[in-house]
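The next part holds the structures, each set out as structure tokens.
The following pair of complexes shares a single chain, subunit A, combined with subunit B in the former and subunit C in the latter.
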Partner chain A sequence: MLTLASLAQIVVNGLAAGVFYVLMALGFTLIFGILRLVNFAHGEFYMLGAFVVYHLYAQLGMNFFVALAAAAVAVAAVGVLVERVVFAPLRSRELSMLMSALGLQIAIQGIMAVVEGVEGLSLPSPVQGVYRSGWITFPYDRLLVVGAGLVVLLLFYAFITWTRLGQALRAVAQDGDAALMQGIPVNFVYTAAFAIGCALAAIGGALIGPVFSLQVYMGQPALLKAFIVVILGGLGSVPGALVGGLVLGLGESAFATLFGGLTSDMFGFLMIMGILLWKPTGLLGRAEA
Partner chain B sequence: MPKPERASGGRGWVTPAAWAVVIGAAFALPSLFASAFWLYLFDVILINGVMALGLNIILKTGQVSMAHAGFMAIGAYTCAQLIVKLGVPFLAAFALGGAAAALSALVLGRIILRLRGVYFLLFTFSLNEFLFLLSKNVTVLTGGNTGVMGIPPPSLPLVGALRSKAAFYYFALTVLVLASGLVAALYRSPFGRAMDAVRESELLATAVGYNPMRVKVVAFGVGCGLAGLGGGLFASFLGYIAPFNFTFWESVNFLLMNIVGGASFPAGAVIGAVIITPLPELLRAYVVWQQVLYGFLLMLLMRFLPDGLASLLAAPARALLARLRAAAPAPGVDSGRRAGEKA
Partner chain C sequence: MRRWMRSVTLSCAVAALAAWAVVPPAEAQPKKGEIKIGFISALSGAGIGWGMGMLGGLELAAEDINNAGGIKIGDTVNTIKVIAYDDKYGGPGAVQAAQRLISQDGVNIIVGPLGSVPMLAIADVTESNKVLVLSNSYTTKALSAKKPYTFRLTPTSAEFATPLIGWIAKQRPKLKTAAIISPNDETGKEVMSHDERAYEKAGIKVVIRDFYERGTQDFVPVLTKIVAAKPDIIDFDGSTPADSGVILKQARQIGYQGQFIKGGGPGTLEIIRVAGDFANGLLYYSPWDPNDAKIKALMARFEAKYKMPFNALGIFFYEGGHALFDAIKKTQTTSSDGLRQFLEQQKEFQGVQGRYVWGGEADYGIRHQWIAPFFVGEVQAGKEVMLMKIEP
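Up next, the complex of A and B:
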């Protein structure tokens, strides 16, 4: 039965999931928009971020937000290395880059499985308790995801709009050759975009870590969500990632409340089918040449 | 007017003779390597060959499908359940498995082939995951996580049940040879030209009177139909199927076979199956690091052999064929010039 209370709960849960999906999809769509790389290893950077925070915060007792920042920097550094070594030599060979990303995915997964083991770990949340007001309950750990996620999104927006590197990123996304002719160091921008995308994924992993449990194979389901979001919103579109993430989060939440968890996993898929029938390039996507 | 595209196989006796030798050698293989390990490996290679060949048809229209294992699952479950639950004879169940996969692909294809390039790829990826979820959860049809057990080996009229790995080998090889022949004929037919046209440019293909959507849907249907047949082979070979047999990684493997073998010609798919299938066996000695090694191997292959082995072998092979043709000239054929044109 759909009451006002359950409706509010749907919005609250959907918002938390949605912000997380936006963080995942944003990095993915940024990397695609600039490198034309379908980053199948994106879920692995998310997993790496969660594990860095686990070690720094849960094991070494560092402040959660310091650990979060450290995770973003560390994973971005891994991203720089990976981009220079694996993807830079394959520039503009889209299928080769994609297959390499798949190779990278299982390589990182395999290494982490050896180093960390395959059991699930739990990351204690930096905040406990539940916020109650009238008929809304909002666990503080989810509120943290929404709040911190929104801060990161605003920072990203400011970065991409007002900084020189942000403008360079947008220029390269629009037209790499034209950007090169304007004197933009395109190769540097590629690496920067990849690193920033990885850092966003790592932040996503670190934030959602306390809500779910940590496991070296946690990247795959998250990657699937990112895929659905970018198909919904349009590949390479930053506003699309925002809208797609929130739509998926809220839609899944509604489905889970009304029909149960299993159908909510299938919801994203069915929604894509529906939207594709109507608009084959996603909600805000441009037509592919 | 001669048809220049037929240069590589239409006339002269050299190319058919080469194929006859390859197929003959393939049929003689089990008597040379009789150990259970080798026969098992050969059987899996043949099944993968059928699968990769099916994907090759889809790739030929320029679409990269990551749902190939999902359609394999449709064929495998249909074939297995028809045999186990309803007692349908193997050949009928096998054919119906292929038909079920082809039909699902034709219906789905009309919707999802509106997507191009990366969108199609991402969508088929999620389609594979969706089918995986379905096979785990729709227990009535699939047996859920336990899967379907006790699938009998293929049994043919007159021949009877193919209980041994060697007997299965001959059956699977026959299927693969027939499928390859079908695909080769398809590629040389006018429809094959239409597929090439659609891959190169849908706009131009439309301009010369092809219907790109129809070409892509039919190719998708045929390719997935072969995947369904491959699934039926797989189910009756293992005798047991479960959702984890048809994960997205299997789809990646079929794609890898095509890339490594050389996606631009049908034999490339089969060559890829021959190369890729044994890899996990070779890496099995290092259980812990198997996944990591495979990942690095994938990256190295893409870095140093992005167009597949065919790109390395094509030039020498063409030169060899040209020399053979020059030594045994077919009347009215200027083989040297034609071989040069194709390069």
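Up next, the complex of A and C:
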């Protein structure tokens, strides 16, 4: 029976899941918006971020937030290397880039499986305990993800709106050729966008890692959720990722609690089909000229 | 002259006979041969831990036999050679591997594969070629009277759920209700039906059941519904160790105080690694006693050879490998028909862990299911503690 307390719990669970999904999807949609690349390896950068934090924080005892920043920088550096070596030579050949992204996904997974093993690991949360009231139960580790996720979103919004590089990113996303004619170093912007997308994925993996578990294959379900979110919100749209993530999180939470796990998984895909029929570009996506 | 010739010839013959009698002829060296055993499993990707456990179990058993001089059949001393292929935990890979093993490598005994889908996929190829298969897999469809060459080494929840849950119900009489959460695939559904049957037999009522898609990481919404039904037990049999750890952790975080039970799918150490202190109190099925000296020695051998931890699934393939080699030794044949008939009539096999028997007539219509001894374990202070050994 649906009570006010269970409704409150559904909303809280859904908002938390929504922020998880936004974190997974933000970098993915940024990379697509700028490079026109469906980055199948995005989940692997998410996984790399979680493992960097695991080693720095859980094994070497570094402060969690310092480890988080280090993971973002380290994975961004890997992103720079990958973009220059793998994707830059294939620029504008979208199908080739897509296949390279698939190959990259398998390669990173394979290397990590050899290095880290394939069994699940636990990344201890920097916060412990559970908030309980008559209405809701909310573990503090989830609260940390929601709080940190919102901070990341705000910082990203500020960066994209008010910095010169952010404006350059938006210009290239709108029209790469026009941006080039305006003197924007488009190749640098491509590399920067890929690196920032990878850093966002790493932050997502490192924040969500303590809530779930660590495994070298953890990027696959994250990529699937990121896909659903960006298609719901509109491929390449950052506000769309925010809206898509929250809609998916709340919807799944409601369906899982009321009708069970299977209906919740069906919900995401049924919603995509419905929204694409109604609005083929997604909720906040723009039709291309 | 003729007389002289006759006596010389006779003397030579007598001398030659005497020499032959005094100096025995050089002993004929036994011929050397090789018995090829095919192996199919997931040796890459998500199932690699289980797949390597299976392979390691079989190869260590083969190593024991080879180090002891091999198997003598007639005047040929044979060493065991394992030919392994990776099926990537999928049907097409398994069929390709089976075809290659049969047509190119010429094997008539295959150990594996790991999963239900690859197992069902190779059945047509192996049965039509009369290839003896000693498999893993969980599905009830793996064995039937129409598959006379297919055997299964790993017990499923159909075999151990009833004795496991029956023992727990007797020891913890306060447990009256249960919730079961399982993956939404063939394995998950079969496990759930076996567990429901076991709980019913033990007098425990299943108050709620739910499925989830593999790959789910956030179980809180589903667990919110389950915890609201206030079950005394949450059973997540059928889930991988990593998923089990996450379910356990997230259920405790949202305030569940009851008993967790985990049936099949060995990997308790991984559950403990993922769930940390939340894993304490978990009751589970364990195919081995990890604190037993013989098992510890086997783990050490595996880890030294493969540089990874030994998965408990491997014990069935170590014991099963020895059972197969023992059958070859006793029947003096590698023919699949001869071995099949021997195994079907075998009363028991004494392995490192104890007594193994063949069963499964009631569930599968054929006595091709290995029934193994097992242990009821409990996680105490982050360690595996065996509470009871249950023999078939």
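Going forward, the second predicted complex is superposed on the first by the 287 of 289 C-alpha atoms of A that agree within 3 Å, B and C clash if a C-alpha of one lies under 4 Å from a C-alpha of the other, contacts with A are read in each partner's own complex, and residues count from 1 in each chain.
Criterion: contacts are C-beta pairs under 8 Å (C-beta built on N, C-alpha and C of every residue); 3 or more make two chains touch, one makes a residue touch a chain.
In this text the structure is predicted, and so the values were computed from the model without any measurement.
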item: Partner chain in contact with A:V38 - subunit B first, subunit C second, else both or neither; value: first
item: First (subunit B), second (subunit C), both or neither touched by A:G117; value: second
item: Which of subunit B and subunit C A:M273 touches, first, second, both or neither; value: first
item: Touched partner set for A:L95, first subunit B, second subunit C, both or neither; value: first
item: Contacts of A:P185 with subunit B and subunit C, given as first, second, both or neither; value: neither
item: Which of subunit B and subunit C A:L224 touches, first, second, both or neither; value: both
item: Partner chain in contact with A:P239 - subunit B first, subunit C second, else both or neither; value: neither
item: Those residues of subunit A which subunit B touches in one complex and subunit C touches in the other; value: 110, 113, 224, 262, 265
item: Partner subunit A, residues of subunit C touching it in the complex; value: 44-46, 48-49, 181, 184, 210-213, 215-222, 224-225, 228, 240-242, 245-246, 253-255, 267, 270, 273-276, 308-309
item: Subunit A partner contacts - residues on subunit B that touch it in the complex; value: 64, 111-112, 114-119, 121-123, 125-127, 129-130, 133, 137, 252, 255-256, 259, 288-292, 294-299, 301-303, 306
item: Footprint of subunit C on subunit A - complex, ascending; value: 6, 9-10, 13-14, 16-17, 20, 110, 113, 117-122, 124, 130, 132, 137, 139, 141-142, 208, 211-213, 215, 217-218, 220-222, 224, 252-253, 255-258, 260-262, 264-265
item: Residue ranges of subunit A in contact with subunit B within the complex; value: 32, 38, 86, 89-90, 93-100, 102-111, 113-114, 224, 227-228, 230-231, 235, 262, 265-266, 268-269, 272-273, 276-277, 280-282, 288
